[in-house]
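Alright, structures below, take your time with them.
Two complexes are shown next, each including chain A; its partner changes from chain B in the first to chain C in the second.
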Partner chain A sequence: MTAPSFEEFLRLSVDLTAFGETELLGTGLARQYLAKVRAACGDEIVTALLDAHRAARTEAAGDAGDAGSLDGILLDRVLLDRALRHRIFSDDRLGPVARNVIKLWYAGMWYALPPEWTDRYGARAAGEASTVTAASYQEGLLWRAIGANPPGAKGPGYGSWAQPPRIEDRYLNGATK
Partner chain B sequence: MTASTIDSRDDLISYLHVAMALEHATIPPYLTAYYSIHSTTNSDAAHIIRVVAVEEMLHLTLVANVLNAIGGRPDLTRPGFVPSYPARLPDGEDDFTVDLRPLSPEAVETFCKIERPGRAPSADARLLRAPDGGRPVLAFSPTAEGMRFYSIGEFYAEIIEGLEKVAAGDPKLFSGDPALQVGPEYFYSGGGSVTVVSDLDSACRALRFIAAQGEGLDSGIHDADGELAHYYRFRQLQLGRYYQVGDDPDAPSGPPLGVSWDEVYPVKVSARLADFPAGSELARAARDFNAAYGAFLALLTRAFNGQPGLLQDAVCDMFRLRDGFNQLVRNPLPGSDGLHAAPTFEIPAAAGSDPGASRPAGGTARAVIR
Partner chain C sequence: MYAKFPEGAAHRTDPAAAAEVLYDAVVVGGGIAGALIASRLSQAGKRVLILEAGPAEDLTLRGYESYLDRFYSATGKDNQSPYPAGVNAPMPRGTDARRISPGAPDASAYLVQSGPFATDTTYTRVLGGTTMHWEAKTLRMLPEDFRMRTLYGEGADWPLTYEDLAPYYNEAEREIGVSADVADQAYLGITFDEGYVFPMKGLPLSYLDRMVATDLDGMPVELGGERRELRVRPFPQGRNGIPNPAYDGGKGYRPRGAVSTYQVEVGERCQGNNNCVPICPVQAKYHAGKTLAVALQSGRVDLVAQAVAHKVHIDEQTGRVTEIEYRRYDRPDSPGSATMRARGRLFVLAANAVENPRLMLASGLRGSSGLMGRNFMDHAYLLAWALLPEVAGTFRGTNCTGGITDLRGGRFRRHQAAFSVDIHNDGWGWARGAPMTDLVDLVDAGGRYGQSLRQGLVDRVSRQLQLAFMVEVPANPSNRITVDPAYTDHLGNMRPILTYDIPDYTMRGVAYARQLSRRIFARLGAEDHTAYDPDFWGYAVHAGEGYEIRGGNHLAGTHTMGSDPSTSVVDPDQRSWDHQNLYLVGGGSMPTVGTSNVTLTIAALCLRSVRAMLSQLDAETAPIAVEVAR
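This part shows the complex of A and B:
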């Protein structure tokens, strides 16, 4: 079996986190996160997750997806959302792993999979709750999403805490700052 | 001895604008090397580069104080204030190229050249003809056309002599508004204490401090306070060992120092926006960084024109710029054989960059309309 592709893991992560590829690579942790998921769940399951994701994207591309490559095709967001729920999140095996990948990116921490999952699909030592690296807490997407700095890390400058959070417009859903 | 190229207050102002651009121009190369280092690695090298970069920020502030003291207006938003990299700096008879590079032996070699002590062999060798064509050499003379200085040290020596000469004939030379000075209450824990400039003596002290901190001019490897000059800080990275007080410049005898040249993001040397795939997320991130840097320079300009309290906001901006820097260097640059992206420091022309627009008039907060 070939190792799960880093590029595909990155594309999956973009769809799961709603952060862009540049931002995900900008954490400097993408490769370590893939390594963590592989160690915690095994390559067979990671490959199945990436396959399901590819299938969901093909589905969302509609007729255009039949041609093969999805590069440069604007996916129907509603169709993609539905396909991801159908093929990944409602799947007993892949759903919990995908949720864990989201938590990994947002919190910088790998959480143990639920006991129902490990009972059925196997437990691994690397699947225990753990921090990936010393840098992963401060690179958690959660801080970017709420426009805040990770408490106790990534010094933001004296007095900056008195300023309102700088939340990017795309996360405001029309609300004003 | 060659005739002075500084005859008036206006000449001094022109020179000090060049000096501000020169001090600033060293910062992007230092930061590029610094942020190319993988986090949690290379702490010795990171610390050395960081200390020097922070001291360059002090130098920039000192020059701004001298400029304000003689009635000039610091402006970091002038076209060309940020050079187009690779830039050129003098190194005696020759000049050399300053690129934006990842931490590497080449980068350290460049840093040593930037900071190398350079005294012209004779007084009339201070000014040299700048090479025709090509990129301008940063330590140029704004009054003697086509001429550049033998070294940064000689450039500052010319300004100090010019200050003495003009001050002797013009008792009102130092009539700048004292409220424009950035004092230690606004600039602190940044590589030494800032000098408030109010007369010839304090002006010369500020400029000599810059030369001494860079090159260790006249004072050996350590200065009177026991601080190691920049040149020798970088030499430690080449020689693999720290200096101790009393060491010979070629033979540091302190603890060994290791550099892991591989624990570095291989950023593309002096990357340009044109190297980024058009319309890509990464290109947008690079453009956003440049715009944020331009806004940051505009904020510093306001801080140096009567609102020194803004330096505190500037510090917060520096942390945001750090995050933007890190994001870029961690991203591979498509189509560059595995090289990574980095800020290009191509600053977009911004509207409303006139510092006069934000300088309070007569001590009130009203904007000056000119």
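This part shows the complex of A and C:
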């Protein structure tokens, strides 16, 4: 079996987090996160997750795309959302892993998988709750999403707290589902 | 100002050699109280030995960064998470708190709790003490807090007045480096000297505070037959801001930077890291290490760390303390220790309001008044949380920049406890573990990912408002610290046992706080999400309603001061009534806690006591004049 592809992991991460490739690479942690997911879940499951993601994108691209050349094609967001829900989030094996990848990016922490998952697919030592590195907490996307710094790092500067938060306009007015 | 911690100072003093020295003062505890006293005594030419229970490590930038790394790497980020937990000088931890079943003390953690009320109160046993994790809110007490018994028939009177302490508040504000504006802080009788300004200008209110103020300011409240209007007011803060050029009659103020490094990226103004508790990453916040570094530079202060005081020895004839016996452990993480002794002319217990009485009681010194360890106080915190109608940018700023202080004093204190209210810039973090719990819930239960997750986070986290009502707990002799040989730690030291209940007086304040929070949320158009969990360890029922009550780590009252030896443990100088050369200093001496976080008052009291210590030393070491008749 070939090792899960970093590029595909990155593409999956973009869809799961709604942060761009540049922002994800900018954390400096993307490769460590892939390594963490592999260590915690095993390559077979990671590969299956990436395969399911590729298939979801193919489905969302409709007739316009084939599996090999999806970059640059405008995907139907509604179709992609449905395909991800059907192929990944509702899957017993892949759903919890995908949710953990989201939390890993947002919190910088690997949360322990649910017991019903480990009972069925096996527990690994690396699957325990842990921070990946001291830097991962500081790079959590959660803080960027709310226009704040991770508490204890990246201090925004004296008095900055008196100003309105820097949150992207499209998220400011609520209720984008 | 560059504060260099002298290299090797944390381990250069040989305990065996120190045992041969008769120090002017032996100080137990390297927190703010011990550091201030050591620094002032050494300035006056006295020789001081500090015994510190925490690890023997110099305060260096690297050491500080190891605290930070431990914090970043911790899966749970409670207020002890940056600090190494040693087996020989264990620390209570907020996460230790368990519900207590009647008659069954909880001895699962260092602080044994016999209840009936469980608390998560903590203190930090490293060099610098709890000022390493304190929030650094530096409210002065109100003049009326010193006269509670006389004015309101509740609690106790101090043997000191606000006016007695005011000059020492000034000095404490200089030492800590307080940022505030007098115009904001002169209320409910708090007065300042003519022309006084704080060392640094007040920190700006957060965007969240201002949003709250827009609707809250002017809200009328009738209480105790008095009408007042609430407003959002900035808190004085023990962290670096913009120096006020008018300070000290126009001499200005030079902020104290990080210990052992130049002010480049650290040690300057607060950067808004929103992490005052448990650790300011840039040492903009004061910690006692800043005072210790200066004290150790004097060359007259010795420091023995990894030294846990075990017993205070007394001369049976005179009642004077002869020595302090301590256990010097070899390594923080393994057993192995030696018994050592420290000798001095004066002895100062500056360990905190739990450890001071613990040590005295473990030494068999209950005090002639029988009050040693009694009248334990803390603040009782009630949290109330809501979502504001608009995005407020929560999670930015210092932990807390503003709040409501109008109900700190007034005639209603005859009936119910006063409180100060914090507007938390860190949202529902304290109440519900936000924002991580929101993230987990949105992803795991809400099925959110991508854009809908980002939207959900802004909707749910950036609108959070948490009010923390810090409610006064009056002294009650039944609330107390005791010891029992059945409960000891690894070094054979008896562990503190806390017996604690929240009095009705406080609960009436709590109940009123909850009602007030409902009114405030309604005025702000905020969605009230407050719900108290009956399974919470600090759940307390009053008049049919249940509340989650948390501790404040504002330890006080276990060796209260007074003017009568039969009703107090120490005199107004914090000197033991029973032992002439012993001072018990810190929050333990306070007869009331009022609605101020205790550290500023602890600092002021210690600075005041130094004067008494110096005159005692001078009197007791002065050459005796012998008149010879001719």
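As a convention for this text, the second predicted complex is superposed on the first by the 168 of 177 C-alpha atoms of A that agree within 3 Å, B and C clash if a C-alpha of one lies under 4 Å from a C-alpha of the other, contacts with A are read in each partner's own complex, and residues count from 1 in each chain.
The definition used in the following text is that a residue touches a chain if its C-beta (ideal position, glycine included) is under 8 Å from a C-beta of that chain, and two chains touch if they have at least 3 such contacts.
For clarity, every value in this text was computed on a predicted model and none was experimentally measured.
Visitor: Given the superposition on chain A, are chain B and chain C in a clash or a fit?
Guide: Result for chain B and chain C: fit.
Visitor: Tell me which partner touches more residues of chain A in the superposed arrangement, chain B or chain C.
Guide: Touching more of chain A: C.
Visitor: May I ask for the angle at the C-alpha centre of chain A between those of chain B and chain C, rounded to a multiple of 10 degrees?
Guide: 70
Visitor: Contacts for A:A162 in the overlay, against chain B (first) and chain C (second): which applies, first, second, both or neither?
Guide: A:A162 contacts chain C only, not chain B.
Visitor: Please indicate which partner A:R99 is in contact with in the superposed arrangement: first for chain B, second for chain C, both, or neither.
Guide: A:R99 sits against chain C, while chain B stays out of touch.
Visitor: What is the contact status of A:T27 with respect to chain B (first) and chain C (second): first, second, both, or neither?
Guide: In the superposition, A:T27 touches chain B alone.
Visitor: Now for A:I146: first (chain B), second (chain C), both, or neither, which partner does it touch?
Guide: A:I146 contacts chain C only, not chain B.
Visitor: Let me test your reading of the model: by the given contact rule, A:L74 touches which partner, first (chain B), second (chain C), both or neither?
Guide: Neither chain B nor chain C is touched by A:L74.
Visitor: Using only C-alpha atoms, work out how near chain B sits to chain C after the chain A superposition, in angstrom.
Guide: It is 5 Å, taken between the nearest C-alpha atoms.
Visitor: Do chain B and chain C land on any of the same chain A residues, and which?
Guide: Shared contact residues on chain A (touching chain B in one complex, chain C in the other): 134-135, 154-160, 163.
Visitor: Give the list of chain A residues in touch with chain B in this complex.
Guide: Chain A residues touching chain B: 20-23, 25-28, 134-135, 154-160, 163.
Visitor: What does chain C use to touch chain A in their complex?
Guide: 68-69, 71-75, 77, 203-207, 210, 241-242, 269-275, 279, 281-282, 391-398, 401, 425-426, 435-436, 439-440, 443-444, 447, 449-455, 457-459, 461-462
Visitor: So in the complex, the part of chain B that touches chain A is made up of which residues?
Guide: Result: residues 38-40, 280-282, 284-285, 312, 315-319, 323, 326-328, 330-332 of chain B touch chain A.
Visitor: Of all residues in chain A, which touch chain C in the complex?
Guide: Listed in rising order, the residues of chain A that touch chain C are 15-18, 84-85, 89, 98-99, 102-103, 106-107, 109, 111, 129-131, 133-135, 137-138, 142-143, 145-149, 151-165, 167-168, 171-172, 174-177.
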